[in-house]
Amino acid sequence: MVGSPVLLIAIPLLAAFMIPLLGMIWKELVRIIPGLVLAFMMISSASMLMYVTNNGTIIQTLAGWEAPWGINLVFSPLTAFLATLMTFMGFIVWLYSYRFKRNVDFEPAKKYFIFLMMLVAGAVGIVITGDIFNQFVFIEITGISAYALTAFYTGRNSAEASFKYLLMGALSSSALLIAIAIIYSQLGTLNMADIASKIHLMPAGYKVTALIFFMMGIGIEAEIFPLNGWAPDAYTEAPGPIGAAFAGIVVKAGVYAMVRMVFTLFDVSGAMDILLTIGLITLIVAETAAIRQEKLKRMLAYSSIGQMGLVFVAFGIGTLEGVYAALFLMLNHAIIKPLLFLSGSQLVFNSKEKLIKEVNGLGKYMPFTAVLFALGSFAIVGLPPFAGFWSKLSVLTAAANEGMLLIIALILIVSVIEIVYYFRVVNRIYFFDKAEDLIPQKPRVNAVIAMSVLGAIILIIGFNPDVVSTVLHNASADLMDTPQYIKNVLSAGQSLTN
Amino acid sequence: MIYLIFVIFLGGAALTWLSGKIHPILRDVVFLASLIVPSVLFYMNVEVGQTVSFSLIGYKLSWGINYLGYLFSYIVVGLGVLAGFYAIPAMKGKKNLGFFYSNFVLSIMSMLGILFSRDLISFFIFWEIMTWSSYLMVVFQGKDVQKVGIKYFVFSAIGAYAMLMAIVIIYSLNQSMMISDLVSSFASFDPTMQWLIPILLLVGFGVKSAMMPLHVWASGSYSHAPMAYTSIFSGALSKMGIYGMVIVMVSLVPIIPEGFWLRETIAWLGAITAVGGTLWAVAQDDAKKLLAYSSVAQLGYIIVGVAVGTPLAMLAALFMAVMHGLFKGALFMVTGAVERQTGTSNFTEVTGLIRKMPWTFLAALMSIIALAGIPPLGGFVGKWMLYESLIGSSHYILVIVIFFSSTAAFLYCYKFLFGFFLGQEEKEWAHVKEAPAMMVVPMLLLAFGTFVLGAFPGLILDPINAGMQEMGFASTQGKYWEMSMLFNEWGDQIMLQPILYAIIAVFAFFAIFLTIKGFKKTRYVTTKDISSSGEVPLEHENLTFSVNFFQPFLRTVEPLMKRQIDKYYNEFGRGMEALFDFTRRVYTGNGQTYALYAVIFIVILLMFKNTLFGL
Amino acid sequence: MELTLNILGAIATIVLAFIVGMSYGGIVRKITARIHNRMGPPWYQNFIDAFKLIGKTTAINHGIMQHFGPAFVMVSSIVSLMFIPILNNGGWFTNLNFDGDLIFLIYIMVFGPLGMALGAGQTGNPNSAIGVTRGLSQMVGFEIPWVMALVALMIQFDTTSVTGLMEAQHETGRWMMFTSPFAFIAAVLAMLGMFRYSPFDIVGAPTELASGPVSENGGKYLFTMMSSGSIFAFVKLTLYVDLFMGGADNLIILVLKTFALYMVPVLYGIVSPRYRTEQSIKFFWGWPTFFGFIAILYAVFV
Amino acid sequence: MENQMFEILRYGIYGGSISLILIGLYAALTKRSLIKIVIGLSIVDGGIHLLLIAIGYVKNGTAPIFSPGFENAVDRMVDPVPQALVLTAIVIGFAVTAVALSLVIRLYRHHHTLEIDEIKNLKW
Amino acid sequence: MKKLIVILLLAVTGYFLVDSFMDLGRTGPVVETGVKDFYLDKTVSELKVANTITSIVVNFRGFDTLGEVTVLFLAATALGGILYKRRHHVGERSVLFPSSPIVRAGSKLLFPAIVLLGVYVFIHGHLSPGGGFQGGTIIATGFLLMLLAYDNFSVSHNVLSFIESFAGIFFVLFGFAGMWAGGTFLENFLPVGTMNNLFSGGIIPIVYILVGFKVAAELTGLIYTVLHEKES
């Protein structure tokens, strides 16, 4: 086991504070240090994931106070899985964006990489923390990094997108604070496990009101339907790799937070159905919106939102299989959508408007990127033998086991829509003639490595999904087992007498 | 061994692609090797009934071949290898050949995989690989990709997803993905599921086998893929739909109470497909389109046979499936050869190639005769059994409809031969040469296959019989067929050998009679030298008759053809896109509106929290 | 030995069919002329034409398909002749009666037109191709009532073989034109088209200038086609007699019955103007098909 | 009497803080100017902070500081946790407001307007 | 119309908010003994810190505070990023009106006092109301005052950067030190001393002082950045 959970947060924070100083010593350090930190986080969380798989959950207390009094970090199979995924994606995004466009300059690069690192650290924090207020703080860390990254380019639209994101984010934090206030006023505690063990004492009306405010607050981060207006804009205007990071990291953290609320914290019976319904609406609206898009990244953004809807549908099924399927979907989406964003932004590298029609005929000029984009498209629409198929299959199986035939049909119909818009793009890449004034940009070596790693993972999972199924099974069992979670977190604390 | 076959296929596909970067010849060799080696291994080393099992994320998967699969493997592998040989000269000089060849290998692999699948998951996986590899072939030439390609894939996806839905329902009811478990426990499902599952599966298979009303992709896709591929696309790939349909119709539908109506519906859909396909084929001016619609029509017959499901009908359907693979494969190859030599496949442009491409013509002639179902070639056997089975099973109106369709088929059969090979020999095509031997030999082999099966249908009826016995039919040998004899339900018989000999004898006699007194002495005159009401047409006068070929007929059947399903689909698609365009306007672009949505969201949840959260 | 006998029998059948068919053709020409108030050729005119044609030297050809086209046509007529019982009760002219059935007959009868169409196609004469398209279209028209009639018979007697149907007639002792009248009506109406006399003669358009499918053929080609046509006429008439009029016990009865039947299209044709192709198709898909449908219903429910 | 005072105070403080939230939301949802929207969000934040402080209040409460003379006033001490949370929340709210204002500056620089209705290049 | 809808929506929201909180005083929380009692207890008994809020902010929930200063740090960096221009005009400001002599003189007078007050507030954070945030903010107001009063008042960006970085780094390093000494991150590993002494509470005052420096530097930086944003 390398490191401990707290290092996943502390090391990037330390690095973030140090980077401005180190940048004065050697300018290249502002690019290299975040990479090293992200690599450390990746290795550390992966090794801890292995440890957790074998030895059970790690509960790390902070400041010497056991739960529920101090803040604690929970590194359970579920959170370990998500943390590993996020740090890995963070590293890939770092690798890709090394000297990407504006990052060649010193000042922008410094900020870019600090924010990227903090984006990952914040998302990991959201996942591994065991305290709702601490989670709120991490949501804000992620949020501010995300606003800043969205506004990274100096064009006029990036500020607009960022402002919308910020407006929604501010509403989100308000809602979260209200929810926290309700919870704290009733239960007098902020620790998740403690809340979970006491939530049944709370009057139902307050409980549901708190849950609703939580849902709104986190729903904005998790891009559920009426709350996701910011998402397409932010994805479109943020730099390509940041779009990948949003899709692969930030949203996943939001989904995790939502699911943790619904599954562990609250014992409200109808919440699953709400998740299911919201997920379905999100899925349908987003995918239908995607089909008419003219900008590549915007299309990918809507697709990403739709996929998150599907994840919520899978969680909303509410069974162990449903959770497993949802986690599988999250994994696949976290691998595939970044690949699409990375290769897609390479395809529209030199175009101003980033229109879909500007990828026409690029298959000849940038064959490798084009192939990876096509691979990603094939995988995301769920064609076997690529990764996306297995998750789609498990979602459908889970739904079928609950007899939700209408939902299966809806998911599949939406998948057809998804096929239409993805294949339209792939067709354009390969079978159309290139616009003459567009100069294709060969990807840099680091970008090629980043993309091909993702492509290779898609193929590996596609051909042998068993490489991840154990981890996913552990994670889903972990999420479903609330009593165990409470016991894990509070066991040390209960023995303390106060 | 089974794994090895698939590994070789997969590795072959990848190697083909890579070796194309080194040298084209190496690529061709690797391509052929990766088709032939696994095929040989398959026939040498794989026995029927031999299975391998493994488990993947909790699903038990099992691969092995059964008799029915073995039968279809003849179509797949045979046609695949021949088309592979054909492809090399046919595709010469095109771009992206590595891509083409590896997709080709993948297609063959996936089809063989479908036949090997003993469980629904691997069936579906191979099915989808087949779909996207064929999709990549459809768009390979880059024409109309957004329209034709997307249409093909959307329909395939609808089919595949219907199938997937059925699969997950089955899994939820059965907790097993094995096809055999499905069959054995199907009777215990509740009636809704008993209806739903076969219908969903049939939608899936119906798309691939171009059944009405799911056929609209077929004409475009068949005609847009390179002809070297279309021969297996139409000849073998569409048979996978038939394969699945056979399993559903034989193993599941009889168990459903009132399943009779499902059968009838499918049979009627098949018949309508046949009629519609034929009429549209008659109306086409492009050989590829004509053959595409003809494929639709032929698949209609097969569907009728499968749906009717009596032993004789099943024999007929499966025999016709094999025959269709042979002659349609050959005809697409012919079209490909003509297209390669002349650069177009339009009847209104190409004429009079018979003297330039005699061998191609021979292959086309035999295949057309087989297609039209005229004795003594194999097409007749299938048609005969189909009619007899329909009459024998009291489908009287159906038999008339089928008969109408197959009579109307003569029209396009003639159009195909006349359009390409007969008629005026224009100067424009004077330079045309016969296609390379490597292209001609595969088509002649296929055409010869129809001839052999016409005289000795028992050769292929034997494996069909084995496959049917496996599915629970009683043996039909001796009851419905012998090596070269056929019987119907009432014991009436057809002796194929005397027929063949009589035909050969009469033909030989008159051929000699016509030839003996100095065919050599007769003088060949150009096609301008005709008795045209006493006038002598000049060289530059274009006398070719090819526009509006069957106009009177088409005018008669116009009311039938006015209702084009394609139009409704297009309108539906446009309507949906307009709707989507409308719905996405919820994203107004105004940040404040989004904030308002958030408040509306929370208000709705708060107001209805009692109902929503079950308080 | 048996083979030799069989071959001789077959040859005898062919000769019989040739003679009868040719004579009918001549007689029809005579009758037509008389009704038109002309003298007309003698009844044996067709024989004279045939022998003249066979004596001619063929000077030109348009290629291999045109060369073999007549052979295809002949295959169709002769093979179908082989499969049709000429007389009741077996014995004479059995040939291949038991080796095929009605469906086979329907199909082998198409073989000829197709061969002719191919041969005509190669000549390059656009009129030939136009004729072919008309002929094939019209064939689609009349096949429907014809097949409906046959299916009605098959249903009624649970057999698809000609001999079987004849035996069934023999057992009941009643002609099928009485036991299944609607089928007969449909079949006869279809026959009008099958013989291509007026009003369905737009295919060959014989009274216009030389055109139609056979227009480029001369000499032996035309002879083969002509004789094939005569044999084919005999085949069709015999088939109708076998199916609907109880067959024939000897040749005289056969000739009488066939001649009587033959007069139906001939006389109908003489007094009719010509239909255009789509008109004739619509004709066949009108009343004849209706009668065929009734016939099937009749067969199913009666 | 004392109770009544407390009740009034309670209504006042809860009602006031919730009103602040609503007023802020109203501003954020209806005002056209970006600056006013940001101000609205700040008001919402303020309301929430007040609300948080209010829920920690106990009757006759005293500050949770063990300064000399208050060592044994534990029972009367108000809940310190919300105050700590509010401290954090204020800083976060401040940070967000700062970023928001900087974005407004940039939007104004590009669009030369603060009307939110006119800043919608990204839509659908 | 829109306003009416918004008012209606907000009325509903308000109703439910009131519904959720108004009962609190009457019925009280369902769980009587929350974590606060523990905090109040341990603050006195173990940490020897008078100000419970400080003990919570810095020790019990110190991790939150670390996150919080990070948020601030990120906001400051984000501001720089968002308002970043390639040509940075040092010394030019968008606030163009000249300030009156009274303001200038007053500012000069007040500035040291303000800074001193700020320092006092964060040094005594564990004893009396106040702390790092409060103190830092007070110091920043001093700088704000100076910036408003003097057109050419400038703060070295590098110095600010140094201060905020070092403060942050030491915060994290103290956390690590706790880990290294006592076993958990941010653990109070120094002797706690006696209650109500300046040198008491272990690392709590130290951390709070760091926080104070950091907040002061960052807020000053923020103000400085915004002030120097100029219409281009």
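Observations on the model:
As written, the chains take the letters A, B, C, D and E, and residue 1 is the first residue of each chain.
The definition used in the following text is that a contact is a pair of C-beta atoms (placed from the backbone, for glycine too) under 8 Å apart; a residue touches a chain by one contact, two chains touch by 3 or more.
For clarity, every value in this text was computed on a predicted model and none was experimentally measured.
Steps from chain A to chain D, taking the shortest chain of touch contacts, total 1. Shared contacts of chain C and chain E, meaning chains that touch the two of them, come down to B.
Across the assembly, the mean Cα position most removed from that of chain E is the one of C. Our note on geometry: chain B versus chain E, Cα centroid distance of 73 Å, whole angstroms. Centre to centre, using the average C-alpha position, chain C and chain D are separated by 101 Å.
Taking the mean of the C-alpha atoms as each chain's centre, chain A and chain E sit 30 Å apart.
With each centre defined as the average position of its C-alpha atoms, the distance from chain B to chain C rounds to 36 Å. Contacts with at least two other chains are made by residues 6, 10, 13, 16-17, 21, 24, 34-36, 39, 41, 61, 64, 67-68, 71, 74-75, 78, 82 of chain E. In chain B, the positions touching at least two other chains are 584, 587-589, 591-592, 595-596, 599-600, 602, 606.
Chain pairs that touch one another: A-B, A-D, A-E, B-C, B-D, B-E, D-E. Considering their complex, residues 6, 9-10, 13-14, 16-18, 20-21, 24, 60-65, 68-71, 107-108, 111, 114-115, 118, 125, 133-134, 137-138, 140-141, 144-145, 147-148, 151-152, 154, 159, 162, 178, 181-182, 184-191, 194, 198, 201-203, 205-206, 209-210, 498 of chain A touch chain E. For chain E in complex with chain D, the touching residues are 2-3, 6-7, 10, 13-14, 17-18, 21-22, 24-25, 34-36, 39-41, 43-44, 50-53, 56-57, 61, 64-65, 67-69, 71-72, 74-76, 78-79, 82-83, 127-129, 131, 133, 195-196, 215, 222, 225-226, 229, 231-232. For chain B in complex with chain C, the touching residues are 352, 354-355, 358, 361, 365, 369, 372-375, 380, 383-384, 387-388, 391, 394, 396-397, 399-400, 403-404, 407-408, 410-411, 413-414, 417-418, 421-425, 488, 490, 492-495, 498-499, 502-503, 506-507, 510-511, 513-515, 517-519, 521-534, 543-545, 549-550, 552-553, 555-556.
Residue ranges of chain D in contact with chain E, taken from their complex: 6-7, 10-11, 14-15, 18-19, 21-22, 25-26, 29-30, 51, 54-56, 63-68, 71, 74, 77, 79-81, 83-85, 87-88, 90-92, 94-96, 98-99, 101-103, 105-106, 109.
Partner chain D is touched in their complex by these residues of chain B: 584-585, 587-592, 595-596, 599.
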